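Handing you a structure now.
Read from first to last, the chains carry the letters A, B, C, D and E; within each, the first residue is number 1.
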């Protein structure tokens, strides 16, 4: 299995690093700027996927399966988080008819 | 290890117990479960470090002790959930099970040997808490708390994960001892990635434990969450977070000490100031407790910054004392707010007359939190300061002390309300379980205050 | 049997296929757009509800059962994904792997039974 | 074991009193306090001034941290324990006339406080000392906060935070010293005495520890909590605060500051002396301007304490011995004066000097008692005040004659405000308010007579008490001068 | 000519060929569907356009193109267009990884695989792309802003994802046997002999239960009767494509047929040996003396056989449509969740046990 890294190294690791950092930053920006809870949530998922990409890249560069296993776990956890998150958003929508986080001011920030 | 498996199994069993016709059996069942786990947990005591699951978890005295503290916290909190135990409550079994599951996560957080387990532990704990934060489905406050907790929590997770990924990229491993040996050798070319990774992990964990400047979600979430789960959050979650943090900085990145130490100190000071000053300006007792939990995170962080053979013990003792006092405070708050319908300081007016027991245990709890002698909180802070002074961080302790003085202001506001203001409300009905538990908590607090040797230097 | 090595180059043809498919779709959509007649009228442009005037917003909340199904799908799908690597390496992992996966499936099934008993999938 | 009995007897009795209601609580509390007093007298009989620390008890407490439950008494402690044991029964008796709500809790708190105060006087381990130091604070906080006057809540709160704030700094100081002890660290007093810190370190440790004591005493400019608290607290609380608790601060300086960081003391003694003398003058001048008698007594207390503090930092025999005897005298006198003011207040419903006058005509015995206590406060020869002030002033003179001169003004100023008050309150025309005054009852006499006896005893034969503390003070001085 | 002979170009050509072929078959599926319906219902079916009505699909296509393109006023314009596009796109994307035949050996070029793209994760690719298909339906239904469309779309989504679980689980058993995710690998492994007949070592003999589950799920995934609730005319007036007209509607219908073809092909590959056919080794040995030629001939026959299998499945799909009644929605969910998923799990466990313990059992007797 040692050939895999050789082939993969045709694309420098930094490219992956920059790509995932960019994705991550987009996610962070989205979380900080957007108002809609669902979109914030999607931005968080984007962050997680940036991490996944990074981990997968590192893992294949080192031909070390640990990184990929980690990705699996991140995906599973993200799924659980999505489930809970969507449930919460639906719950709020039922009470509020909106998913705009700024309407949620019963508690002051 | 056994405790993790047992807790998971019990959690599942408990879920299925929920299908029985009556909810009455649930609380006793959970108490029995927890008692068993608490006992079994000590099998691993003094057995030396044992690794499990392909080196993913390591069970040593550190993890056993913290696991015991956390299981105990939940045991202590349980009796106050009696008002939930009705047959009309269709989700009671789920609440209890989520608590049990989250305990699994908490134990994983204190015994991880691999970054994967840290991440999983945090998430198992957090996801359960997201649900519990929103467990009052019809209440907008609770909904909002759940959403904020969720968004901030997963945001923090994202940051933490990015940090872990970078560290993995730099060191090629998730195993903490490998990372430690890697970071102490420090190959020059990879350092920036490592540093950014460490920084992001720090930020992520600070988010999770609610350390300033990443604390802003904490008061809202704590206030909106149903009181019983707030108690859980501010005890178990905080303990687990701090213990994990401790392990992180001292087992994973000791080699990068010089790099993160200033950051951590800055965070500590900021946390102390914001927590205490924030608590002082609150008008809601519950919100004050939320800020106070930030403040206590700050005190615990002091122990983190001052690494020596004392800090482990100091953290353990502090966690125990803080837990006991906080549970009592939240317990009384729950009883009061359930029946008087408010969570402000005014709700406690005249409690000293109508309910001497509640007022007394609240006073003991407040004294403990304010670290007045005769209570566990005093020795807790004493050990923490001791560790810090031993490490030479006197000025940090001075900041902490200034802030402690501030803390007395807000902790004693409720004492004043209870004893020095006239009664407004009726006598509050207290069920025997809760009363018994309050007495136990008070005795425990005072016991820790007069005989701290019993709980000191366990590790 | 030797395991063939796959290199990223192998995946390039997928782009060809994508271009072909996208081209076809674009061609079809474009063509029909260009050559079809267009006549608008108020009534015609309304949503069609069996000829009766439309009532209210169509995007009303639907039964939460659909939602539950979606959530369950996400969870179970992820769990099933966990089984794929195991299945592919099944023979290599042997009995031990089998037992581990049985535990995993046992837990999954416990959750499944719980969900069903909870009545999440009870339509009506 | 005797010390342990003295220490825990009030607490145990307090627990018992806590469960009682109404009159019974008062009586049991009084009985317990009297027993305590008798035990102290017994201890004094057995006490050998030249034998150093006696009645020692050294139990492991937090073993693995080198902290032991180490208590015992030398001459200095003995005197203060005596003071506490002597005053508490009187204070309890003095509050008999009041009809406090929840008397069980009230008297229990007094007894708990006595444990705290005695504890801090007998502690020979830094953390035991700190522990009891704080333990004494909580009951007085509740006494003042629950049974006090109108503005009790903010005022006691201020007092409480102020004091805790100071003591936390003391804790840091102690913890720092603790970590300087050799080996596995210990917080025992003797170990602290053997420390040899660099002057720089001593310098800041001095302020850390001194802050707590300065607030407690209180020394100018840390006094701002005091007049309000004295005024708002119930008289019982005021007596406890001024009679005994204040002495904890002074005792702390003698025991835990002067010998522990002598170099620090040497550096800062001038500053503290100046502050103390400012306090003397300031307290006296403000006292002259007061209309409320209780407030007047409070400021007079600042003035007196200033002198004691000045005496302490002279670090000579006269100064320290003067401080010892003056602590005793001031405690007795101030309790007497507050009690007398309370009698007026209870009878007439006011403490305002302007509203009073001509009380002499209605209470002969009261006038005599008031006169005696007043003269003792002013420091007239033959009374206890004279002995203390004389020794203190001569001590200060020895240290620096300018300072001594300035401090000496206290005698004049003290006479001014005291006699001004006496004159306006007791002499002149009786008005509508004061004409309702009735003379002392038997209970009140029972409080005042022991006080008067003590005033004259110390005034006439101070050696009874001076000899108890003398060897201990001398030992202390040798340690300081090491 | 030279540039056409490099592997990439050949690959591209094959892909385009497969793509065209798929579209062609899909077109004629509409014809076949009507003919078969007519046959089952004892009617004639389309017979006007061209001989036997063979030009009917063309006529339909032309009609589709010339119809008015209608977009409701309240619809979300972009998504309304995106819906059918996405449906068609995903349907067309999946065909390329299916191995339609073994290798052809041509002088000067070497081995050519009769397969668009050979990747090691072929199975995952198909699943991934097919799963995306539900977006097309969801988007279309939601964008229409019509209650029936929305309901149809949600039903479609709910149904697709439910059956995807059982489908995924039933595949696991196959994976355990093959140890590979490559469709080509799986096919080649079925080329052995079974009961002494070469090329008949098909998975269907080992996985009958898995096949039935997969088949059921395939019906549900393609929204075919008896699982056509998302678009049932009688309840939802066409479901998610109520508001669609012209070629947009055409793409939706077309996508469905493409999906049927892909599903048939996948079933053939996974359970019916793909391009293997009984007696292929005998044929290989006897058909020609030149081994290369023999191999090529066998490959071509195999490809033909493979298409035969696909057509058989397509026929089956249509047969079922005109035979069985539609499920009620709760029955549908009940079947998917409470019967198929547990059955698939049991299948996995049984397969695992069999693989592990069969040798021991055999040795014992």
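As a working rule, contacts are C-beta pairs under 8 Å (C-beta built on N, C-alpha and C of every residue); 3 or more make two chains touch, one makes a residue touch a chain.
All of these numbers come straight from a predicted model, not from anything done at the bench.
Both subunit B and subunit E are touched by C. Across every pairing of chains, the maximum count of C-beta contacts belongs to C-E. The chain with its C-alpha centre at the largest distance from the centre of subunit E is D.
If each chain is reduced to the average of its C-alpha atoms, the one that sits nearest the average of all protein C-alpha atoms is B. Averaged C-alpha coordinates give centres for subunit B and subunit D that are 42 Å from one another.
Separation between the centroids of subunit A and subunit D, computed from CA atoms only, is 66 Å.
A straight line joining the Cα centres of subunit C and subunit E is 15 Å long. Subunit B and subunit C, compared by their mean Cα positions, are separated by 40 Å.
Residue positions of subunit A with contacts to 2 or more other chains are 80, 87.
Residue positions of subunit D with contacts to 2 or more other chains are absent.
For subunit E, no residue reaches two or more other chains under the stated contact definition. Going by the touch rule set out above, the chain pairs that meet are A-B, A-C, B-C, B-D, C-E. Put simply, subunit E touches subunit C in their complex at residues 8, 11-12, 15-16, 19, 23, 64-70, 72-75, 81, 84-85, 88-89, 92-93, 95-96, 116-120, 124-125, 142, 144-151, 154, 157-158, 161-162, 164-165, 168-169, 172-173, 175-176, 179-181, 237, 242-243, 246-248, 250-251, 329-330, 333-334, 337-338, 341-342, 345, 348-349, 352-353, 355-356. Interface residues of subunit B, counted against subunit A in their complex, comprise 115-116, 119-120, 123, 127, 130-131, 134, 137-138, 140-141, 143-148, 150-151, 154-155, 157-159, 161-162, 164-166, 168-169, 172-174, 216, 219-220, 223-224. By the touch criterion given at the top, residues 12, 15-16, 19 of subunit B touch subunit C in their complex. On subunit D, the positions that touch subunit B within their shared complex are 60-65, 127, 130-135, 137-138, 142, 145-146, 152-153, 157, 160-161, 164-165, 168-169, 171-172, 175-176, 178-179. Contact residues on subunit C toward subunit E in their complex (touch as defined above): 4, 6, 10-14, 16-18, 20-22, 24-26, 28-29, 31-33, 35-39, 42, 44-50, 58-60, 62, 66, 69-70, 73, 76-77, 80-81, 83-84, 87-92, 94-95, 98, 101-102, 105, 108-109, 112, 116, 121, 123-124.
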